[in-house]
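Given below, in the form of structure tokens, are the structures.
You will see two complexes here that share chain A, one where it goes with chain B and one where it goes with chain C.
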Partner chain A sequence: MMRLYGSFRGTLVVASIAVLFTLLAPSIFQFFTIITLTQVIGLSILALSLALVWGFGGVLCFGQSAFFGIGAYAYSVAAVNIGGSTGAILIAMLAAATFATLLGYFVFYGKLSDVYLAVITLTVSLILYSLMRRTSGPEYKIGSALLGGFNGTGSPPLNVPGNSEAMLFPLQTFYVSMGALILAYVFAGWLVTTKFGRVCVSIRENELRTSLLGYDTRLYKLGIFAVSAGIAGLGGVFFCVGVTRVTPDVFSLGQSALAIIWVIVGGRGTLIGPILATFVLYFLTASLGSQQLMNTNLVLGGILVIFVLLVPSGVIPSIAKWFDLRRVKKFSKLKERRLKMRKHRSVG
Partner chain B sequence: MDLYFSLLLQIIYGVANLALISLGLAIVFGMMRVINLAHGEFLMLGGYTVVVATNNGINIWFSILILAPLVVGLIGLIVERCLIQWLYGRMIDTLLATWGLSLLFIGIITSIFGASTSTVISPPLGTITIGDYTSSGYELFLIFVVIVLLLFVFLTLKFTALGLVARATMQNSDMASCLGISTSKIYMITFSLGAAVSGLAGGLLAPLTGVLPNIGAIYIGKAFITVISGGSAILAGTTSASILLGSVNGVMSYVTGPTFGEVALLFTAIILLRLMPTGITGRFFRKSQ
Partner chain C sequence: MSRREIVLETRNLSMHFGGVRAVENVNFELQEKELRCLIGPNGAGKSTFFKCLTGQLSPSSGDVVIRDIPMTGRESHDIAGLGVGIKTQVPNLFDGLSTKENLWLSARRWHDDKRANILTKETVERLELGEISRSVVGSLAHGQRQMVELGMVIVAEPWLVLLDEPAAGMTDDETQKTAELIKEINTTSALIVVEHDMNFIRAISDKVTLFHQGEILMEDTMDIISADPKAREIYLGHKS
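So, the complex of A and B:
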């Protein structure tokens, strides 16, 4: 029997392992890897947000990177204008969630089918890409932040809340971003065990039946869509802080594809799977890219096709299923033995 | 007066361009309800066919009009047999698999030809002048080709045996297969034809835009939006959506510069889909093809 949603206790166990990892990381990895990790954490928050909206809400959002990019741009613009990062992070999450709510209203209340939704979200992301690429020139600016067109705009580093002079060091930034990832993970893990989350899961399983039970499925879908967009915006913040600038490439087709690939590989219906997949695939493609042996697109495309055809449920659910099967087998063996014993006794 | 005429011509060209890049996708979507995310890469492959062929001394008209559709049609056939046919009825998996395919194509072409293009073929045909304004002769030729292409698809669907069978499959594939039509074969033919049309479109656009491995991304957003707004009828849908969205894009591009043209296009499409979730042909011209 496959569980429809994870247990909150499992989430906490994973979160405490992650805390342990955070504390040990500086003594295991080189300093350079720690700096890279901040970007990857940003990306894995994106993967988490897609895992939430697709794996649990059943909303097939192909353009999750649109919200990720909006978060990154909103953070950069806001941090330059207000001169501090704490408020800018909130603005980034709000901007992404607001945009998602507006878009979601048209999409969910129009009752568009899954495929239409996928294509529309992807198109939104692509059009943002071509829009942001055309914003080079001094006339395109918000406050004192130039949007910078193709080259993008610089993202200020994080600072101590309330004191915009005290910038965080790379190691501290790593701690903060890891903390944000763990918080987002625990929040998402908690959300799917609440009533709201359960209704979302039931919409994923059978939308018609859920609406016949009296739930306004449009509203629930809109809700989980907006929440996940906010989380994606948070991912965008840490990504652009890690890279120190944000370019229109966050909206590109490749970025959207990456998010989908992480979730497919990690598995729909889990939250930790896509996060782990992000880390593994990021370092895999980075090492492949540095060796110049194979084109990254080629590898990612191959992975996507192979997973869709052969491992459609993803790595983590497949492993979980295998364990379940083994447990069931063991259990049935025990039962068989007990029955045999009983028979033996009754005969004897 | 000349200004308005030239502007009108630009808008008509925009509409034709939109119809051209969406038709291949619309054929596949209308027939099989499959959204082919590798559509942009089919266009790109058409472009590369033309560039490679002309560099090897083959006549440019021959390579655009014959070679590009032929090569990409064959690629479409292979893709359908190896990948798509296993995924019928699994729409989301089809989307994902074709997306993987699109990345694969980009990767393969980048490995072979490099990330940038070295040769640009200049558009054949000169310019024509309307009063004070000049217009490219090749753009007029494109408009002409699109009209011919739409007519060709219409005549094929309406008056040939293949068209009749295809329409039957489109309306009710279960019933069609009960009547002894091999729907799998029809799907195979449709997918390759759709790919061939995309290849032709890519070949036709190559002299205007040049070719790059990731040039497909420029087209697919607009193509998806056009097809979805049009709805399931192949011809009526593509034509009506192209006219509406192409005009919006053209007018907005003229008023604000190219920056907001595409945004206006997307915005119109999203409002349109809120009002008519099944597209224009889901609401109007329901009996059309």
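So, the complex of A and C:
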């Protein structure tokens, strides 16, 4: 198992497949699906960020979507005010990471337990939810961007860097968002192989041991918390660009729960698992929803229960384990056969 | 004989849990390159004293001074960050990671990637952990886990080593190996070793501190302590 997740080469292989998928997508999917994909990519970046902070850092952040939402709002407001998307993307990531740094500082340096962090982030997300819903008057504006309360605010499309007049077409937007997903994935995959990432994993395994080795665990937890919040913010950008607007729903309980479901289904301790789970579950619930056969929330809840009970380590780790077992079995079978052959020979 | 430098010192150190006086007014000194054993019956306060030294507990009163730096109530990572190697009584490992990764994480605190890799390899060889170097430590036998934890201590090349019951649950062979290892560590570092095993203590240490009900009762060689009637009664009497 270590091999599969520990190697940066594995990350690069997966990233190359993703590049191939990106290039082939226009000839596989209908135009409408390509447009939808941009927002799903945004959601999958959110899943990636939670996979990093929870699966590798061991910090369970129930309200990861708070940073996702902050990213989406910050992008929309900044892009309207600046009149361009490139700087706004950076501002969105920075806003989410800064907010996480402040919040994380109080939690980690205040020696609050990890359970508190889970509860606090969720609470913050829900507070933002109700706050943003109350911003419907014309007095609630930042620069020239109205916050729009319940209905949310419009999110400007991406444009060519340095030329705010040249808007990107949907297909180009899809390419850019896939590019961002792949970059974020490669970055996270690289991060977990560095000293920083490995120490974060050791904190997940045993925090006391890590500090007895002389590492200031608070600093590392704050670090991975802030980085993952920045990534979640990036996810928020592509989500709102895909939807063309952002509403307070990004801060809702449902949004927070979804992110956790993706990581549980995809598997903790892997980065690609939750990303894939996001795509699969999104299109699964979308097609179920359009057939109106079942309540999609019920289906999602059912999937969650099944995974927690039957596949608690998630899909990707379970597959990896299965392959490992098979290899070991094959190996021992080979060995047996060789031994038998040798015996035959010596008898003959 | 010239007096060596004192590397660790406690002054009137006390640790109370509610009404329980787990450590009471302990004045303790450890000299450079000294190897000291702490003994005492169950519940004597050895581990509590140990945890006050390692920053896992913040003492109720008194002081901990390491190399003339006041360290009372400081965080564990600050104390370890002085170059102190620590092994707790309860095994403390990264259960989901391999033996090698466990050692590497300890070495990497002090050295760059390259040097950490070299030190890890050397330690694997030195402790004969080759066969289990890729095994997940959560799946190892108790004695092996103890060895890995000792490895994590020595791979960092600490100048002061604190070990709480390093030989507990080991086979005779492993105990023997550990005793040799501790003596080897002692050629470059000072050590405090909490132990129960009499033969083990005789094999490694000249000076022994006897704890009883949170206080230091005696401080002498094992031979003198085992000859003392009071010490025999409270401690050795427990041992058949």
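We take it that the second predicted complex is superposed on the first by the 329 of 348 C-alpha atoms of A that agree within 3 Å, B and C clash if a C-alpha of one lies under 4 Å from a C-alpha of the other, contacts with A are read in each partner's own complex, and residues count from 1 in each chain.
Following the convention adopted for this analysis, a residue touches a chain if its C-beta (ideal position, glycine included) is under 8 Å from a C-beta of that chain, and two chains touch if they have at least 3 such contacts.
If you're wondering where the values come from, they're calculated on a predicted model, not measured in any experiment.
Participant: Putting chain B and chain C onto chain A via the overlay, clash or fit?
Facilitator: With chain A as the common anchor, chain B and chain C both fit in the superposed model.
Participant: Between chain B (first) and chain C (second), which, if any, makes contact with A:188: first, second, both or neither?
Facilitator: In the superposition, A:188 touches no partner, neither chain B nor chain C.
Participant: Using the superposition on chain A described above, determine whether A:97 touches chain B (first), chain C (second), both, or neither.
Facilitator: The answer is neither, since A:97 touches no partner chain.
Participant: Classify the contacts of A:217 with the two partner chains as first (chain B alone), second (chain C alone), both, or neither.
Facilitator: So A:217 only meets chain C here.
Participant: Based on the superposed arrangement, let me know which partner A:198 touches: chain B (first), chain C (second), both, or neither?
Facilitator: Once the two structures are laid over each other on A, A:198 reaches chain C alone.
Participant: Roughly what angle, nearest 10 degrees, sits at the C-alpha centre of chain A between those of chain B and chain C?
Facilitator: Taking chain A as the apex, chain B and chain C sit 80 degrees apart.
Participant: Identify the partner contact of A:298: answer first if only chain B is touched, second if only chain C is, both if each is, neither if none is.
Facilitator: The first partner, chain B, only.
Participant: In the overlaid three-chain picture, which partner chain does A:272 touch, first (chain B) or second (chain C), both, or neither?
Facilitator: Neither: A:272 stays clear of chain B and chain C.
Participant: Looking at the overlay, what does A:124 touch: chain B (first), chain C (second), both, or neither?
Facilitator: Only chain B is touched by A:124; chain C is not.
Participant: Look at A:116 in the shared chain and tell me whether it touches chain B only, chain C only, both, or neither; answer first, second, both or neither.
Facilitator: first
Participant: Note down the smallest distance between any C-alpha of chain B and any C-alpha of chain C in the overlay, whole angstrom.
Facilitator: 12
Participant: Let me check the overlay on chain A: which residues of chain A are in contact with chain B and also with chain C?
Facilitator: The answer is that chain A has no such residue.
Participant: Contact residues on chain A for chain C in the complex?
Facilitator: 2, 195, 198-199, 201-202, 205-206, 208-217
Participant: Which residues of chain A touch chain B once you look at their complex with the stated criterion?
Facilitator: Residues in contact with chain B: 60, 62, 103, 106-107, 109-116, 118-120, 122-124, 126-127, 129-131, 134-135, 252-254, 257, 260, 264, 294-305, 308-309, 312.
Participant: Please name which positions on chain B make contact with chain A in the complex.
Facilitator: 33, 35, 83, 86-87, 91-93, 95-97, 99-108, 110-111, 214, 217-218, 220-221, 224-225, 228, 258-260, 262-263, 265-266, 269-271, 273-275, 277
Participant: Would you tell me which residues of chain C are touching chain A in their complex?
Facilitator: Per the stated touch rule, the residues are 54, 56, 75-77, 80-81, 86, 88, 92-98, 101, 104-106, 108-110, 113, 136, 152, 156.
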